[in-house]
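Both complexes below contain chain A, partnered by chain B and then by chain C.
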Partner chain A sequence: MDRLVFDAAAAIAVLFAALMVLHRNPIKSVLALVVSFFFLAVCYVLLSAPFLAAIQVIVYAGAILVLFLFVLMLLNIPQEISQQEQRPIQQLLGGAAILLFAVLLISLLSARGATRVSSAGAPKLAADQIAPLARLVFSEYLLSFEALSVLLLAALVGAFVLVEREKRP
Partner chain B sequence: MTLLDWAILVLRVALPALILPAIVIPLVWYERRMAAFIQDRPGPNRVGPFGLLQSPADVLKLFMKEGVVPASTDKFLFHLAPGLAIFAAIATFAVIPYGGTLSIGGRSIPLVGADVSIGVLYVFAITSLSVYAIVLAGWSSNNKFSLMGGIRSSAQLISYELAMTTAAAGVILSASSFRLTEIVSAQQGTWLGLIPRWNLIPQFIGFLVFFISTFAETNRLPFDLPEAEAELVAGYHTEYSAMFFGSFFLAEYLNVMVVCAMTATLYLGGWSLPGFDPHGVVGVLLSVVVFAVKTGILVSVFVWVRWTLPRFRYDQLMSLGWKVFLPLALVNLFWAAALEMWKAAR
Partner chain C sequence: MIGSIPLTHVLLTSGALFVIGLAGALLRRSAITIFLSVELMMNAANLALIGYGAALGTLEGQIAVFFVIAIAAAEASVGLAIFVALFRHTETIDVNRINLLKW
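== the complex of A and B ==
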């Protein structure tokens, strides 16, 4: 039962992720991504990580994508896109990316039996305990955690600098 | 699991989901009578005794009306949005404990839809999804007033969600659990044998921030900027008619009940009362009544505020959320943490 729901949720997540890339209307793309994230959260729940699932929905689907939608609605991009003609270079690059992804996927699937990622080495987390997760984040992975937050801060400052530069004549 | 267990599970989940929309009908009547009382006029008093049948008549009218869909709308999203609004409102209630634990024939049935370990976070996750209903309604209508309403609401909901979540973090800290049933049981008993151990008392600032933010989250006056009729016709549901509009209307009242139930659970001890230990079927049913009364009082405050305060200006709304409520919620969080440290040190 769990396996069935997991497979279905994973399939839907991938399907909507593909829809996000392929759809011409940016607002529909964002909505497809919301659905994808939601089903990714379902996968997290079935992997007994309900905390991650909730955070996934709150942070990504609930906050970041709403901001995306907000900006897209204000800019009203759909009309601009329809005026553009086909973009051959982007199409070529996109095709190359798909090819690369397919090669990686096939190699991963064929090597699956031999070098399957062992879960024995990973620290086991109890199904509904958040304290061990917090302990890991703030002790063993503290450096990467802080580095990520500094990176995000740098991106924020960078955005401000870019906007500021455009304002000046 | 036997068939009976399944039946009990379905009832536990389905009963609140079915009863909640049914309560909306008398709730609308209650609000209109209360509004009339505040404005010193009779209110609906013609259809049925005390005008009680006015709301059912209105619902019937909404169902019988023709649902007009404007030509230039995005048909799929236009129809999806009202359903999403109702889904978000009802799904939130699934984790809120609405009564004590019922023991019948050797079975103990906790009166809660699903007692998940991330209860509080689940509620915030679903409410954060509810913004899409309004945003999609605004965008798919292809109407500038609707779009303005949708954009306003997305900014407003994100801003107030921050303050609301931070305020609730204080409660999570004091109960040291995300589980709503544990938050309720942490508030049982009294201090000095007199004062109930509700989070309301040590975290009064948090309660104020949380409760006021719920007004913004449900788009009720004084924060109903997304549908400010003086500026935006009817905001995000300008283009909706008949039961499509009715769905948004229903979702608004459902949301009011859900956030009030949430406030009662987090700050007023949920279904528990000091000196009241629910035993047997009658006791547990009484605990449901206690919960309903607490929620009802908070809903009355919602109605009272709606007909008392004027609407905020948009910049006032934003500066209130970011410059007043968020710092206050952070102060409350530090205060709650300090209290916990003090308790641990003692």
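== the complex of A and C ==
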């Protein structure tokens, strides 16, 4: 049952991700990515990470992508015109990306028998509660957590400095 | 809960998302779409981390994802600020037209 739901959610996430890349209109690609991230959150829940699922919906879909939408609508960015200027190097790189996926696919499928680590043997996480996660963040990873808060402050100041118009003399 | 989901499926999804993001970042010309593709690649990595964390029964994977999400937020705000400044300057975000720093 879990497996079915996971597969369906994963398939929809991949589908909408592809839609995001293929769409010409940037606003529609942002919205497609929002849908993709929602279904990724479903995957996170099934992988027993409910806190991160909530974070994914609130921070990613709710804040970051809405920020993208704000900027797009603020700037009134025109649709990307047709790809006629696409350079040969770009097509080459696109081919390389597809090749990379083929390699990943083959390596995963060939290792199928071996990597059933997850299936039965996994010990039940004490999680499904957030407490152990919080305990870890605020003890072992406290330094990184504090560094992160400084980083966010720096990003805030940096963004403000960047978008400020130069003062007219 | 992880019991019934094979790790292979998680990794396959993650790989597919990453490659889609990579192709988008390499092929598209709108800076915003490239940026979205980078976000997608980060999410693919997050999915792999959570999958392995669940498979190995540790919380470290989730901690890593937590930090990645926070850093992605910082990165998005600064990146979008750069786009706004750039758009004011050049009236375009087509990465082929932004060539001021090219020799």
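Everything below uses one rule, namely that the second predicted complex is superposed on the first by the 113 of 169 C-alpha atoms of A that agree within 3 Å, B and C clash if a C-alpha of one lies under 4 Å from a C-alpha of the other, contacts with A are read in each partner's own complex, and residues count from 1 in each chain.
FYI, contacts are C-beta pairs under 8 Å (C-beta built on N, C-alpha and C of every residue); 3 or more make two chains touch, one makes a residue touch a chain.
All figures in this text were calculated on a predicted structure; none of them were measured in a lab.
**Q** Between chain B (first) and chain C (second), which, if any, makes contact with A:55: first, second, both or neither?
**A** After superposition on chain A, A:55 lies in contact with both partners, chain B and chain C.
**Q** Which of the two partners, first being chain B and second being chain C, lies in contact with A:67: first, second, both, or neither?
**A** In the superposed model, A:67 contacts both chain B and chain C.
**Q** Touch check for A:34: first (chain B), second (chain C), both, or neither?
**A** first
**Q** Once the two complexes are aligned on chain A, which partner has more residues of chain A within touching range, chain B or chain C?
**A** C
**Q** For A:14, using the defined touch cut-off, is the partner it touches chain B, chain C, both, or neither? Pick first, second, both or neither.
**A** second
**Q** Based on the A-chain superposition described above, do chain B and chain C contact any of the same residues on chain A, and if so which?
**A** Dual-contact residues (chain A): 51, 55, 63, 67, 74, 127-128.
**Q** Across the complex, what residues on chain A touch chain C?
**A** Interface residues on the chain A side: 1-3, 6-7, 10, 13-14, 17-18, 20-21, 26, 29-30, 33, 36-37, 40, 43-44, 46-49, 51-52, 55-56, 59-60, 63-64, 67-68, 71-72, 74-75, 77, 80, 83, 85-86, 90-91, 93-94, 97-98, 100-101, 104-105, 108-109, 111-112, 115-120, 122-125, 127-128, 132-133, 136-137, 141, 144, 148, 151-152, 154-156, 158-160, 162-163, 165.
**Q** Could you list, by residue number, the parts of chain B that touch chain A in their complex?
**A** Residue list for chain B touching chain A: 77, 116-118, 121-122, 124-126, 128-129, 131-132, 135-136, 138-139, 147, 150-151, 154-155, 157-158, 161, 165, 178.
**Q** For chain A, which residues count as touching chain B in their complex?
**A** By the definition above, chain A touches chain B via 27, 31, 34, 38, 41, 50-51, 53-55, 57-58, 61-63, 66-67, 69-70, 73-74, 127-128, 130.
**Q** If you look only at chain C, which of its residues touch chain A in the complex?
**A** Spelled out, the residues of chain C in touch with chain A are 1-13, 15-17, 19-24, 26-30, 32-33, 35-37, 39-40, 43, 46-47, 50-51, 53-57, 59-60, 62-63, 65-67, 69-78, 80-85, 87-88, 93-94, 96.
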